[in-house]
Amino acid sequence: MNLHEHQTKAIFQRFGIPAPMGKVATTSDQAYEIAKELGGVVVVKAQVLAGGRGKAGGVKVAKSPEEAREAAGKILGMKIKDLTVHNVLVDPGASITKEVYLGITNDRSSGKPVLICSYEGGVEIEEVAKTHPELVIKEPIHPIMGLHPYQVMNVASRANIPREYWQEFGDIALKLWQVFLQNDAVLAEINPLVITGENKLIALDGKMGLDDNALQRHTDLADLRDLTAEDESETQAREAGISYVKLNGQIGCMVNGAGLAMTTMDMTKLYGGDEVGPANFLDIGGGAKADRVAAALRIILSDPNVKAVLFNIFGGITRGDEVARGLLQAYEEVKPNVPLIIRLVGTNAKEGREIIETAQLPNVITASTLTEAAQKAVQAAKGAM
Amino acid sequence: MNLHEHQTKAIFQRFGIPAPMGKVATTSDQAYEIAKELGGVVVVKAQVLAGGRGKAGGVKVAKSPEEAREAAGKILGMKIKDLTVHNVLVDPGASITKEVYLGITNDRSSGKPVLICSYEGGVEIEEVAKTHPELVIKEPIHPIMGLHPYQVMNVASRANIPREYWQEFGDIALKLWQVFLQNDAVLAEINPLVITGENKLIALDGKMGLDDNALQRHTDLADLRDLTAEDESETQAREAGISYVKLNGQIGCMVNGAGLAMTTMDMTKLYGGDEVGPANFLDIGGGAKADRVAAALRIILSDPNVKAVLFNIFGGITRGDEVARGLLQAYEEVKPNVPLIIRLVGTNAKEGREIIETAQLPNVITASTLTEAAQKAVQAAKGAM
Amino acid sequence: MTILADKHTKVIVQGITGREGRFQTRLMVDYGTQVVGGVRAGKGGEWVEGVPVFDTVSLAVEATGANCSIIYVPGVGATDAMYEAIDANVPLIVCITDPVPVMDMMKIKEYLKQKPEIRLIGPNCPGLLTPGQAKIGIIPGYVATPGNVGIVSKSGTLTYEVINALTEAGMGQSTCVGIGGDPVPGTNFIEVLEMFENDPQTEKVVLIGEIGGRAEIDAAEWIKRHMTKPVASFIAGRSAPPGTRMGHAGAIVEGGEGSAEDKMNALRAAGVRVADNPEEIPGLLK
Amino acid sequence: MTILADKHTKVIVQGITGREGRFQTRLMVDYGTQVVGGVRAGKGGEWVEGVPVFDTVSLAVEATGANCSIIYVPGVGATDAMYEAIDANVPLIVCITDPVPVMDMMKIKEYLKQKPEIRLIGPNCPGLLTPGQAKIGIIPGYVATPGNVGIVSKSGTLTYEVINALTEAGMGQSTCVGIGGDPVPGTNFIEVLEMFENDPQTEKVVLIGEIGGRAEIDAAEWIKRHMTKPVASFIAGRSAPPGTRMGHAGAIVEGGEGSAEDKMNALRAAGVRVADNPEEIPGLLK
């Protein structure tokens, strides 16, 4: 789960990282009022969970409240990488002498968090890492001992930060580690960390990603989730305890298990080629109770692109006949108007298939192998297009 | 540095440990008012940094505000182990079904904190440890990983705590660890942890000792020091940066270095026998600047028992002639009226001794060995008695 | 011989009194696994599915001589359960629980460096299955049959598919190991591949991977250098868009790293036969 | 041969730009100690007492090949300084700073279990002196003279007394080690006794203890079992009242444990000659 800039900077402030921050506006009039209150030059920034905001015109400098209103009017409602901008942050302007990158993320290979710093900040750190890897300083953090103050001085030295800023820089880096640690973040990034004209360091922009696996112990953070920033169907799925990601294809997939769900997607793409592909990732979890199946089916069908639905259920713990009965019940409730391709494997799979075939539902096709099921789904989707 | 019961319980409450707590009274009228406000039975408890408070009559149950006034009147001003009671805590009464001991302290041998629990609480844990060691359960705590929840269940199981209290007990034990850790305590003790008539666990009494070495990072805790609970001269010494402990003998000691200071005490006792001994421990620290020597001399002489003062300075870094000049200056400022035995060793010791001898101060005796100095101090003290 | 577990492995179940723990205990017992005890603080002395419950892991180990623990403790309690098993020096620990915070796993992995004699598998994994001998986890026992194919996988149901396909093709399995799809797993591909390489019963190996991280690429490098037995592989997530997590905490292509294509290419370069479709796996092993 | 340090030991000074660090650096250099560098973040490139300053320990070690670090960093910064030296794998670390919180020391000691090749001496100690070769700490060099008596002590000035008394009696010292008076010291008596036992130059040993804890009693037990060289001892604090801390963080008799009498008795029972007065020590070693 990712946080918006204004949410991230509010957390930064709570941990003592200097992050100049204005207020969030949802209308251009609000932006006018905030700019008036702040006085002077302001920056109007789209609050959207996507990179490349600046290039897309989502950040504008305004020299007066009127200009702020105008800028907000242009940014609000704008689409950045498929996401609509619902909020802008109106921030006080800052004089910028130098932009530095400072972030913490997890390194999967070493199993350790890593502090990353580049004196060449302000741009995508991945870009700098590719073009000038020697300018990207990485310092591994001992997961148990945490980030030591001496390490931060090491980083300041290696990154060629001017000495007069070491103390301030070290202080901010240690606080960023606390932000990362205490919020179970997977990313906590200040980009840019700015040296101002007044020779102060401030976090001008910030980004945080949280560990979804840890939200169970951060209910306050879980509440920060911006539902307007995701597809409504994804919200519904999460509330139903279903793992769902909307995609752009035509074949709805309902699968148990994440690995098998990805594989099912891959098979529809493999046999669908450029014309037909997966409409979603969906892992329904263990078993396949009728109400959960019905909820999943409704979510899949809420996507108007869906021309066929592929059920691929490996009856491990749950028996195939039970799954089949659950499917029939869900079918009755939802009454889908697109073809359903059903593949049952595992315990009592044969009995399950018999139950479904006996029911003789319109638009229901059974398959026994994954290949067969995927091919039939592709065929059905193409036929309906 | 030790905390009073009411200070400890306030910390317990802040960390979520249920600790029923009334208010502190310094007069019997205040005790009356608090008892009236609390209603019902109250307990009036001397707030004094010494054990054996109950046996000394420092804890009384009062069934009415009038009784509370009377009890406070008896307890306030009472002396418990040489310490005058200046405050009482008026606590609401509690029904007690069972008293349990729960504490955390450091085990010096293993270099680890240790959780100690006994289902036979309410008495001195050292006593139980001697008479029934099998009833005292000890669980070492990994200094870096901290106390794991599973360990607390291990303790509950081994201590034979009834199962219905495990959850609550575990919760309190884990919070006690946080109290210990986050305050840099060397002791955090609930004794008794009480099972009430309502089947709840509450911390009826609490004791905390703080690591003096860590007070530099807990200025809020350092402010909790009760100056009325220590000798005024000890307060003055601490403020002057001098390590000082008042004792009951006749020979004031002024020494540089803790080990040598103890040794000097030991020597006065060795040669003074039952009649004469050390009046204090005093480590003046590195060097011996005149103002610090003067402050130390004043503190030593503020004790009316002192009949002689023994200076024992090993001039390591500081040169002996400098020390001698510092001593003379301090002498001029303080003008002591008891004999001063001065021993200088180390760098330029001879020059130092010459300076002192040349000054021909009344009541000043020099010595070259520790034995000689201690013997002369004993002699001088006896002569003045 | 098999790797990690066989019919002599004595298993305790942490979280045995929970819904999932109780249910899975029955399935493990039914399969013939030697489940010698369960653990749940406060429930010591009870019995679940014919298995005695103890208050702590140390008590359970002491009483039963268990040398393996499987963890079904739900939520954040799983982390504590792992520490309890580690501190009780249980040599094989299998954690089924999902989700476990990644910071907890990084700490545990670091802590385990001091205890190289302990092997942790998982979390967020289906556990182990040594067909005909021991089921330590949730892999459905009936789809498997004893044989000489070793399987190591990040996925649950996808593994069942492959086991099923192998069994239907008449190819039995030596041991099936689900290492889980978390970014920082207790045991990685290479560690299991090394065990298979050294296991006389295992003659062929299947590696089932997915998008995210570079574990499959590291495995490919290891295979190239050290593996003498034939390896077939399937990588899930070729059609997943970058920057989006696909169910598993670790299944995400980030910063240009972790794509299925890169992994498949690395494996092919290491001489691994890579399937486009998991149903091709038995054919690739013939 | 001597223990821990000799004229070849290359020393860096952490906290060299502070008042104490600067002053002590001069004394160490004057004594002939090979002080090859100093460390203070932000002051790299400066010079103190003819010694080059580096920003970090790793930079200092890399540039100078130092194999010892002495820490004068004041306050809580000393803890970080110890970690920096440990993580830079400096094999001998001497921490003079007082006070260091006991919880910090417990963590550091635990952390050091993973790095057995590193020896930490202190904190709150006067450091080491190998007479005529190296002064790594604040023990006044001129009182000592080379010889065959090894000294290990919890105390500072009391040690200077004993060194002085030995020198005046014509008995030189091999190495003098101040382990400090903290409850959880980096190095304890036994570790130093073992080094003396194995050091050909050391023929006799002096152990200077004080009230508090049971380090002297553990040492007595070790001496009884392993020590072949004669040991003399003095224990400070016989006249200290129980329950009161005497200057050093560790110097307190608590819960009936740590009294001077118990320690003296244990040492006597181990064949150690125990002095009533530190000035008797030279006589007891003759």
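We call the chains A, B, C and D, going by the order they appear; numbering starts again at 1 in every chain.
We adopt the following convention: a residue touches a chain if its C-beta (ideal position, glycine included) is under 8 Å from a C-beta of that chain, and two chains touch if they have at least 3 such contacts.
Please read these numbers as outputs of a predicted model, since none were measured by experiment.
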Most remote chain, CA-based centroid, reference being subunit D: A
Pair sharing more residue contacts (C-beta pairs) when B-D is set against B-C: B-D
Centre distance in Å when subunit B and subunit D are each reduced to the mean of their C-alpha atoms: 27
Centroid spacing, where centroids are CA-atom means, of subunit A and subunit D in whole angstrom: 55
Gap in Å, rounded to a whole number, between the CA centres of subunit D and subunit C: 50
Residue numbers of subunit A (touch at least two other chains): 144-145
Residues of subunit D touching at least two other chains: 111
Contact footprint of subunit D on subunit A as seen in their complex: 145, 148-150, 153-154, 156-157, 163, 166-167, 170
Complex contact set, residues of subunit B against subunit D: 106, 108-109, 111-113, 126, 142-144, 181, 184, 186, 211-214, 216-217, 243, 245, 247, 255-263, 265-270, 277-278, 281, 283, 314, 316-317, 345-347, 369-371
Interface residues, subunit C side, partner subunit B - complex: 41-42, 44, 55-59, 77, 80-81, 83-84, 87, 111
Touch list for subunit A against partner subunit B, complex: 144-145
Residues of subunit D touching subunit B in the complex: 23, 27, 75-76, 98-107, 109-111, 138-140, 142-143, 153-161, 164, 181-184, 208, 210-211, 213-215, 218, 234, 236-241, 244-251, 255-256, 260, 276-279
